[in-house]
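I'd like to ask some things about the structure below.
Chain lettering (A, B, C and D) follows the sequence in which the chains are written, and residue indices restart at 1 in each chain.
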Amino acid sequence: MRDKCGVVGVRFDAEKNRDAAALYIYYALQALQHRGQESAGIAVTNGSCLLSDKGMGLVSDYFSRERLQKLAGYAGIGHVRYSTTGGSRPENSQPYTVTYKGGTIAIAHNGNLVNYRELKKELEAEGRVFNSDSDTEVIAQMLARELIRNDIVEAVKEAMKRLVGSYSLVILIGDKVIGVRDPLGFKPLCIGRVDGGYVLASESAAIDTLNGELVRDVAPGEMVVLGDKIESYRLFRCKNHAHCMFEYVYFARPDSIIDGRLVYKVRHKIGETLARECPTEADIVSPVPDSGITSAIGYSNGSSIPYAEALIKNRYVNRTFIMPVQELRETAVRLKLNTVRSNIEGKRVILIDDSIVRGTTSRRIVDLLRRGGAREIHVRIGSPPIISPCYLGIDMATREELIAAHKSVKGVEFLIGATSLYYISLDGLVDAIGMPKEDLCMGCLTGVYPIEIPGEKCEDKQMKLNHFVSE
Amino acid sequence: MRDKCGVVGVRFDAEKNRDAAALYIYYALQALQHRGQESAGIAVTNGSCLLSDKGMGLVSDYFSRERLQKLAGYAGIGHVRYSTTGGSRPENSQPYTVTYKGGTIAIAHNGNLVNYRELKKELEAEGRVFNSDSDTEVIAQMLARELIRNDIVEAVKEAMKRLVGSYSLVILIGDKVIGVRDPLGFKPLCIGRVDGGYVLASESAAIDTLNGELVRDVAPGEMVVLGDKIESYRLFRCKNHAHCMFEYVYFARPDSIIDGRLVYKVRHKIGETLARECPTEADIVSPVPDSGITSAIGYSNGSSIPYAEALIKNRYVNRTFIMPVQELRETAVRLKLNTVRSNIEGKRVILIDDSIVRGTTSRRIVDLLRRGGAREIHVRIGSPPIISPCYLGIDMATREELIAAHKSVKGVEFLIGATSLYYISLDGLVDAIGMPKEDLCMGCLTGVYPIEIPGEKCEDKQMKLNHFVSE
Amino acid sequence: MRDKCGVVGVRFDAEKNRDAAALYIYYALQALQHRGQESAGIAVTNGSCLLSDKGMGLVSDYFSRERLQKLAGYAGIGHVRYSTTGGSRPENSQPYTVTYKGGTIAIAHNGNLVNYRELKKELEAEGRVFNSDSDTEVIAQMLARELIRNDIVEAVKEAMKRLVGSYSLVILIGDKVIGVRDPLGFKPLCIGRVDGGYVLASESAAIDTLNGELVRDVAPGEMVVLGDKIESYRLFRCKNHAHCMFEYVYFARPDSIIDGRLVYKVRHKIGETLARECPTEADIVSPVPDSGITSAIGYSNGSSIPYAEALIKNRYVNRTFIMPVQELRETAVRLKLNTVRSNIEGKRVILIDDSIVRGTTSRRIVDLLRRGGAREIHVRIGSPPIISPCYLGIDMATREELIAAHKSVKGVEFLIGATSLYYISLDGLVDAIGMPKEDLCMGCLTGVYPIEIPGEKCEDKQMKLNHFVSE
Amino acid sequence: MRDKCGVVGVRFDAEKNRDAAALYIYYALQALQHRGQESAGIAVTNGSCLLSDKGMGLVSDYFSRERLQKLAGYAGIGHVRYSTTGGSRPENSQPYTVTYKGGTIAIAHNGNLVNYRELKKELEAEGRVFNSDSDTEVIAQMLARELIRNDIVEAVKEAMKRLVGSYSLVILIGDKVIGVRDPLGFKPLCIGRVDGGYVLASESAAIDTLNGELVRDVAPGEMVVLGDKIESYRLFRCKNHAHCMFEYVYFARPDSIIDGRLVYKVRHKIGETLARECPTEADIVSPVPDSGITSAIGYSNGSSIPYAEALIKNRYVNRTFIMPVQELRETAVRLKLNTVRSNIEGKRVILIDDSIVRGTTSRRIVDLLRRGGAREIHVRIGSPPIISPCYLGIDMATREELIAAHKSVKGVEFLIGATSLYYISLDGLVDAIGMPKEDLCMGCLTGVYPIEIPGEKCEDKQMKLNHFVSE
């Protein structure tokens, strides 16, 4: 499934914990709710049959006690889906389940296949039919095709050979819970241990919620099979990886550890780096809540400028409708954010945000601070300018909509009305994340992508994709 | 209506803005959503008839575009209701509307009448009947009784003479929007100006959301009538007031100004005061989110101990159910809060919270930090020990449940497992709020109440209640 | 409450059957569902408190097992409400409950108070307030007023002195279940015995459903109190009554016995009478289903013309929407009714219907038969022409809409396109019902009403209303 | 899809009526609502894309004006599904839609494939995957497989060669609406003409509702393609057919014409035949409503015993729950049926029902009449004893549950408590239907099936199935 999503897998010893998989998945999905609020789903097995339930809305809204109790099993997977701008349809809920000659397959997917239309055509040419327009169904069909002639490991390997794009998958085949991460490791996936079993999750915070222990990340190109112990198969090995830097900057929870790096620490260091790269005199440093909070704390620590809340977020406003009453035109932003006047009146404010996409929201926030009496508003951004679209699963915007694709930093500064604007440097960001530049996907920042995208530049990193070495 | 609630009133010039009252109320109620998530209601008038709609849930969930569009009028009131532990029934939604000889009355109430059973008996003795068990219906009936023989101002005054307790009321009589605050000023209520009209709201943040301007607080004992201008009637005047100190400590939004004090500033000063009153060596200061955040920032500023987030709050978990699986027993707290390990491992942590009621949550949070590796956990509380129940509208707990009613500070410290525990001093809190001790209600902290409560001690302050001076 | 409605009361011996009242009411209301499908409600008492639940929709849709189980009590009342053309609002659901000095009152009402605005003004003048616009609230308030100074019997009598109009009431005061019927006996109400208790119901079919036994009708002007036995108070006695003839013709179930007459028998005789009064040669006699069925059987028996179904009713079509597609204009009637071609093609058809109100439906049905090939269509109506509106609780139409108020029988015949049209004679109908003409309300047929209606003629019957004799 | 269902197809000239297909389907499905109340679905095409919507509940409950308006197209199909005892799941709603190499296919199915597990295995062996457990998905996959190498007509023919069982299909491929009926013609399907287009429907009553004209039945083994005209392909031709006799006895609407026979006429003749085959003296003849009504009229006409309603059906009771209160044990039947006492007291009653499956309901109804005072109760059944299960799509019961599979007529008579019991003779039924015995499926009556069922006897009729002649 495209876009930011969350996946979970749970496998208990069938003797010890016959029924609890769904409950653990339920809690883990709530811990991953920030990765997707559109729909939620759980599929479990009791060893003889697959039980599945999914629906629109938050995990805790959709899954009642009754629904959960019907999902008795010792192994299972779960999914939360992000609401994209386009169609939010019940059919797109996951896990996606199919039956095939050998039994049942359920798949939960975080990522985006770049070549899914090509693969779909190939499968259709064999006479296969499709029920949805999702890339996850394509993966399911490819897996089913391979599973007829291969064992599970071979089948996954054969399918992976053909998949181009980002995918962190949690798969339930029979009563095996399988975790797969694409060879470049775009999207996170980690393994945890809980009492009596193992867990897979998009983020380690979900394992903490289950009172479990983070074992390690699933490696790029690795397939793990949860059973009484964890079996590991390093199916593909690239010289370098392509971890999405946006997980650290914006998506993941600050309390999650992703590919060995605590997100909180990265964001804190982003703040420190911004303070160091562009020293600025000011009275307070303040975040755009919530994503800018940790970096603003880091900036304050790095600069000794006091941390203060210039903006208060209304946590109850999700959906609302704005009617075209002249005086209420700016209501949308004021419903979500309000200024703390005494913190900004006559003050020089350093405002920390994670990124600028279209620039509209930034302009409105700067305007809000300006009306609140701020003397100077210095906007500092925790990521370099976004100049190119994401093809690997983030529904950010088209190139036309990306303000930094068309305007210089000075141009953006003018447009959003800031006293000054500074984006963290690419090296600064890489340094804050703490892994080699070569192991990050920064296509949206550089326009050079780790895999071939028609019409876009491509680094030679992914060329090694096919020189895999199976363990 | 008992408990924390939010009220709104809007009055436009009928010539200029015939239909927009409900839309403004809708946005203002969303700004007050933190004061009550159980139910929401709006009543408006178009000059000839009263239109009313109310239902369970969040403002933005219940009020669809269709519902709002049916509420065309130029004057109206709104209410959000807090979910109490007991019965959450549709019938208790507000505004409460009645017809009487002279027309219609709609009332939205924040507060709690202490003598409402006595008043109800008196009204029943006259043969009156009641449809609900709410104190708001009692107020409505008393008003209706007086309105038959008096003009509106006299009627409100006569009714207020009999009301004992806390009440901030917004009333719609005909097309007049009236604001009333009890003579001791327990609950907040303020006046704002918007383009083409006036607004009443529990908190000034609601006025900000409407792009309006805070005019002033409604004074204790004052009645204001919104029309083409604001008419004011100082019906009762006490030597001292009894503002609820918990609005500053916990209830209100930090960006609201209540009785002239910005809540953010009070909370920040509470943090500074805690740092000064009880200096403690530590590596970080961290809040229990969200209510402890501003005080923790203040503590950091006051102590130069770095501010850091030891706990991350999952903002998507509202309702969830916890099943009795042994290993998941502590799931409830872990679903809401997770530790940021690197911030606490081996660290001495100062943890800021607003208050301790039963002590259970504090114990769980301390335990969470302890397991996360914190070396020392110094708990600092932004309010003095709560030793006595609230009779004025806060559904906190019975005296039996209040841990500080039975245990010394040392006893509570032991029970919650903290390395040390310190509550702000009463004088420290009063100083942080910045108004004379005599003007605050601190019954729950001292056991001495500003009005007579059977079986409780009473300060002589409220004795002046009857020596009112009408303007 | 205005219009066709159904009421139920159940009283068990508290020792023997503490909890089952709601369940019996639930089944009885389903038996009365034809009298109202808009909303349903139940109020019961367990001896110490009143429990009440009501909502929109069918009895079996609204009342789940969970809802019923919460209504544990040994005495209670129930109501189903008919959907009027105007506002179908949750607030209008019954039973209507109030508390007053002496306790609680719940009322379920079938009928229509003619003087309710006048009574409401009088009550408002005393300073009373109202929550709804219903005449049932007026009755509740009047009762509460009297109950303060009188015992129940006196209170009901005093209230009844003032009520003008039709009312069959079932009232729960404390744990007493009371049945009241207006002095003219417009609307039905009967008493039944079930194992361990007594029942009140609008129709005897509800008693059959409970496997109970019909004891007798409540007499006009009588009040009965269900307890360990049935207490009876003949509060008012008129020389004549005013039973609504439409209950026999259309409203009631054919298996109900109302005021001693089995509805099936009346309708059968109406058919026989039509055959006798207006002998017609034809090939088949057919009803407009469902209300014409029994009379058509009677016509067939009386005339020896074979009974056949010319029209089949689709029982699943309740609500539907008709879009203005030219070819589908007549869809509304065709969705509900379809012809059985072989029964009508080239045939002379006698079509039996209960009444003609606006004439539109009759015109469409005749047209349907005509297109189906019927050679002759002789329409026979089981009631005389309706020439005047009903003020006593039937939401039939205004005088302007009543076709027979403006057209002769020939004129109506022409308009609906029938080969011939014949209405039963007034005497024929009276004879079929089997009670003296003086004991029936036939205001809508004669324009002469049994009570004073401003602007309408009035028979001297009701003049005796005030010469009541209390037992 | 298994069991009694209803299917519809509509095709307009795209130039003349671009958007109305869904509206026509909506009305036609309501006319077929008696064939399935569990779920409803509509799929249409506007020439470029397929729009589909389906959900649980009645057609008029699920399809709001908004839902319908989104389904703008000039060709489409619809389905209503019957609620089987087992799982009523949203996933089983139809039309079932898939995409394949050549485009989209939507299928609505009435019937039951006997060999669908075998076909599914074969498809799975080719590596295909399945999303549901329905036989309709099997048909869709087989069609898609053939459509890759064949044109539509060839593809349907190739698929039909493999399908064993009952199937009346309405298929939307691209913008072609196709009707297919299995070579034995088990389930009905007919063609109609409406203004500007053509219609397919399970029953002709749906065509009447659309103000259309019945053209003819789709022949067994025929495929029709609706376009600007009707193309017909007689793909298979058997010497004999196997029309389900239960459509005439029970399922279909009496106003429908199925395979040239008006259902009303068949049922009327069943009644006449019962009167002739087993002459009985009695006072009245009465139906078990609704399915026995027409036969009871026929019996009355044939015997000159007066037709009367002994039982009144409550049309509002669909779902209800029965609690184990001793006195209410028989409530379920009494909620649905009540006796008209005067019609049965002391009377000899002939009671007409369509069939006896388990015998439980018959026993309860006879008991009801007995308690109502009937002197003699002569039960007459419009179908011969059911001694064997249905494998062709009727979810009647297992052989163990079928009372006539284990008991003689005398035995059943005793069990249900009737004075006498008579089933129509097989020849009598065949004669009433009016087609050769060889053209009817009477497997449930004889135990001899027209197709091979493992473990059951088989007539040689179906052997000709493969000697088809394509036109």
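Note that in this section a residue touches a chain if its C-beta (ideal position, glycine included) is under 8 Å from a C-beta of that chain, and two chains touch if they have at least 3 such contacts.
Which protein is which chain? UniProt says A, B, C, D = Amidophosphoribosyltransferase.
Fair warning: this is a prediction, and the values are worked out from it, not measured in the lab.
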In contact with subunit A as well as subunit D, sorted by label, we have none
Count the C-beta pairs in contact for B-C and for A-B, then report the pair with the higher count. A-B
Here the gap between subunit A and subunit C, centre to centre from mean Cα coordinates and rounded to Å, is 63
Here the gap between subunit A and subunit B, centre to centre from mean Cα coordinates and rounded to Å, is 37
Between subunit B and subunit C, tell me the centre distance in angstrom, where each centre is the average of that chain's C-alpha atoms. 50
Residues of subunit D that touch at least two other chains are none
Please name which positions on subunit B make contact with subunit C in the complex. 97-101, 105, 121, 124-131, 133, 140-141, 144-145, 148
Listed in rising order, subunit C residues that touch subunit D in their complex are 20, 23-24, 27, 30-31, 33-34, 37, 58-60, 65, 194-196, 205, 208-211, 253-255, 262, 264-265, 290, 293-294, 297, 300-301, 306-309, 312, 314-321, 323, 325, 327-328, 330-331, 334-335, 338-343
